[in-house]
Amino acid sequence: MNDERTTKTISGMDSVDTTVLGADEIILNMGPQHPSTHGVLRVKLKLDGERVAGSECIIGYLHRGVEKIAEHRSYQQFAPYVDRMDYVAAVSNGLGYCEAVEKLLGTEAPPRARVVRTILTELQRIASHLLWLGTHALDIGALTPVFYCFREREEILKIFEKYCGARLTTHAFRIGGLQYETYDGFEEDTKRFCNDFAHKIDEYETLLTENRIWVGRTKGVGILNAADAIALGVTGPVLRASGVKWDLRKAQPYAAYDQYEFDIPTRETGDTYDRYVVRMEEMRQSRRICLQAVENIPTGPIMARIGKVLKPPPGEVYHSIEAPKGELGYYIVSDGTTQPYRVRVRPPSFINLQAFDKMAKGSLIADVVAIIGTIDIVLGEVDR
Amino acid sequence: MGHLIPPSIMPYVLPVLYAVVIVAVLPLLAGYIVLMERKVMADMQARLGPMRVGPHGLLQPIADAVKLLLKEDIIPDKADRLMFWFAPLVSVTMALLAYSALAIGPAFQIADLNIGLLFILAVSSLGIYGIVLGGWASNSHYSLLGALRSAAQLVSYETAAGLGLISVLLLAGSLSMKDIVQAQSDQGVWFGFSVPFGFFIYLVGSIAETNRAPCDLPEAESELVAGYMTEYSGFRWSLYFLAEYANMIIVAGIATTLFLGGWLRPGARYHEHIPGTGIEWLDALPALLTLGVALYSLKLAPQQPVKIQKIVMGLVAVLCLGIAGILAGALFAPAGVMQGIHGAFWFMAKVFAYIYAFLWIRFTFPRYRFDQLMRLGWRFLIPLALVNVIGVGVAIVLRQQFAWGPIVSLIPTTLATLGVAMLLAKDDAPVSEAQTADGE
Amino acid sequence: MQTLNQALFIFFAVLAVASAILMVTRRNIVHGAVFLITTLLSTAGIFLLLEAEFLFIVQVILYVGGIMVLFVFVIMLVNLDVSMRQVQFNRQWFVAGALALVLAAQFLFAIWAGRGALRLPAMADEISPKNTEAVADALFSHYMLPFEIASILLLVAMIGAVVMAKRRVG
Amino acid sequence: MRCSWVNVDPAMPSQYIPILIYALLAAAFPAVTLIVFKFIRPDMKPNGAKLEPYECGVPPEGNARGRYSVRFYMVAILFVIFDVETIFLFPWAIKYGQLGVYGLVTMLVFLGILLIGYVWLYRKGALDWV
């Protein structure tokens, strides 16, 4: 196992030299095969007793060369691949990719498509946050919320299934708009879900928000201040919990977000509890957006007029969206052929994971689990 | 039959018989507590739980046992083979041995020791070696960290729980399990009501001592994979598991005996008779309850999907009917027999209620962090327990001096302890770095 | 019954001595600790044979359940591999052996010289079955002062332990 | 039958005899099952990575033994002290009914002295894990 050579290291700003150990220090490997590293992340911990003296994230156990694959596929052919990066938020991935290619082509999806995309993406955000909440709570030892979260997530997946036939890796959108018209009852389903969901989210909060143990486990754990967060390029709820009001849906609106009212929740401390609160509030806001959007879906075509064979003009484009986990950017270079010359993905989990060492230093082993959970990583996206 | 056994051995026949029964039944009971746990968990989490093996998963424990017995037996290369073999045995033996002084009803007890309670505490505290040695023998980081955590946690909460029990001993004046129950019968109140804080301290202490969530840090799966059991598999692993569940029954048994009136029937002062008979309503309750369960299973039986499951469900109904019959029959038996059988019923009912509380807590709360757990033990429970002991002591003296009623004298104590508890809880906030540095 | 008790006494005694010897000869310090536990438990068994129930339980709770846990912790804190590789008997073993022999001779002489005193008075026929209460009676009547002094001793131990450990941590 | 050289009559309280038998049973049950099933279960010879200690799928670094936090030692030593204290409380507790005010005062002095130590520990931060 010579993974030192084959895997990349993305330790934080000051990486640990694990060869030099103090008298009371041990090296503990957490992962790649560990119940709470959310996949195949390997965290090498230098422990002083139970305190983390240094850490190193070793990644690459799920590397599939997604970016390289793009160079040998046509633009349309590559779209399903992006679903498999952040596989718990496939719809968001697809949205980012489709919009990036559309930008490259100099076209735009029709209004109806944009609204439907917004609804589905916000539902996906709720689903992704629900999965995060369940697993994060499970990591911290609360066994029950995960089942409640999955119960609600199931409703969202049912909507996806009814819409495009797939539940997880949906490939819901096409470059230029949508392939499928919404099914009969789409609006009702979404509305029903959103109305029920309001109570459900209160239900989760009764289990956790004011629970003494939960607060004890999350407050003051894994603090990341705003300056560090910006320096490390952290985005999404993790950034907003540190007090930076930055959300691409407001900052550079895409899809149909400019039409809806919603708030960007922020917190001050930037600890695990704050990130929890921010995500909970984000679910409420997503619900709000969905309700607004579904009330008033414009009629009209769902597909822009683009040819069957896509040949974007030579050039490059960077387009990013606010995925559930943070800024998801696609940088695409076209050489005028049917296949992209280069695709580079800026995955939020990968960048956010950089902050791990900063957050974990000086905390306890148990906190490491909470911190991995709170960053909300998906290894499919980190490793690509 | 009587003349076959020499009279000198006669007094030992029944206790040894119980011993055999306990060793035979306990693993099965532990298996069914696991099933109960899974079913309760499923119910709280909006799902069904095991449904496949037997009707409603009723045969699941047996299937699990067979699987575990036949599983591959792995001893890691670097492990200390002798200790690896020895450690789970220590855990199980000590967990089983603790039953010897437990009084399951007035009739079922292996030995009524003068030091009964201390014997149980001492023996179950030895189970710690099974954990520490097992974790050490595995030669794995996770195992050893889990073992050390476990040991630190066990010893901390042993102190707290022990101090919690003292308050009951002040009232009972004996260490014998039978005498403690008798004292509750004589004083007409379960000690859990007289010293609620003693009960509370013991409840928390017993959760931590049995490594149950939210105090299951030694085997916190999200951090230490499986703690001291990481390297164990198959039957050895199931021995640890058995020990854990046996310990759960033990602490539930101690709590039942000391705080919940042991085998005493609830409503001891209620003596309404069923018209026309000499049987009290509450005495008839156990038989009626089991009869209800029997009828319910009989109703479920035809609804089972497969023929074999129908049969098994029918057998369950027959079993419950049999138990109901015994419980009903006991009503007409001599007083000793009746108390023995019904005492065992009430004792088990209370033990299961206590275990249910354990499960309920497990599925509701997140897990403590290790330092938080230690702080809870050392900075909250232990001082609270000391205050509680002193308070109960003062209350008893007041009662003796001023002839106050048993409850009246304990109310001010309980309120004072509550005050101290709130004060301590307030101070329970995490210590800042500056304070720690100051203390150095 | 007497034969049984006799047999049990011999069993516990042999077990105690044998595991004590094994304890000092084991190279693996954890095995040594396990044998020490066995010795202590056998001693507890002998207490039980002497009808000293409370003492029996104190032996189990304090020595086996308390002090040995401390020992095991200390063992786990030191690096075992180093001590395993160290030579178990160093070069002064013959000096130590000679000293041990002299000590043994002294003990034997003392026992032989004072053998008359070993004839303890016969035990009362009726021993109070409530052993714990007997201990309490003694503790709170004749031995009140030592009992209170014990708490001071515990206080000193507490402070000493913390001061030493804190220095180690700091 | 008496021991010849010391005038002591060993006599285990009779309640302990069933416990002794039970102890043998309790120890024999897991051991016997373990040995019996060794012959019943299919004979598999685990090898290779199966015999490695688990460290999340990578070879562990360094020996697992040794080098653990000294705080475990602190907990253990404090435990021993409190354990001794608790043991003193047990005979006191069961005799308390007869001792009355005298017993209360005795124990208040005893616990008082220890409480001073406890408060000292509390303020010194020795009771904190980290």
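So that you can tell them apart, the chains are marked A, B, C and D in the order they are listed, and the count of residues begins at 1 in each.
As a convention for this text, a residue touches a chain if its C-beta (ideal position, glycine included) is under 8 Å from a C-beta of that chain, and two chains touch if they have at least 3 such contacts.
Quick caveat: nothing in here was measured; it's all calculated off a predicted structure.
C-beta contact counts were set side by side for A-D and C-D; C-D has more.
Chain D has its Cα centroid 48 Å from the Cα centroid of chain A. Chain B and chain D have centres, each the mean of its CA atoms, that are 18 Å apart. Separating the centre of chain B from that of chain C, both taken as means of CA atoms, is a distance of 32 Å. For chain B, residues touching at least two other chains, in rising order: 113, 118, 136, 141-142, 144-145, 148, 151, 155, 158, 175, 225, 370-371.
For chain A, residues that reach two or more other chains under the stated contact definition are 26, 28, 34, 50, 364. Chain D has residues 14, 16-17, 55-56, 60, 63, 65, 67-72, 75-76, 78-79, 83, 90, 94-95, 103, 111, 124, 126, 130 in contact with two or more other chains.
Inter-chain contacts, as defined above, occur between A-B, A-D, B-C, B-D, C-D. Those residues of chain B that touch chain C in the complex are listed here as 8, 80, 82-83, 86, 113-115, 118-119, 121-123, 125-126, 128-129, 132-133, 136, 144, 148, 151, 155, 158, 175, 440.
Residues 1, 3, 18, 21, 23-34, 37, 42, 48-51, 364 of chain A touch chain D in their complex. By the touch rule above, chain B contacts chain A in their complex via residues 41, 44-47, 141-142, 145, 213-214, 216-217, 220-225, 362-372, 430. Residue ranges on chain C touching chain B, taken from their complex, read 1, 28, 30-31, 34, 37, 53-54, 56-57, 60-61, 64-66, 69, 72-73, 76, 129-132, 166, 170. By the touch criterion stated above, chain D contacts chain A in their complex at residues 55-62, 67-71, 130.
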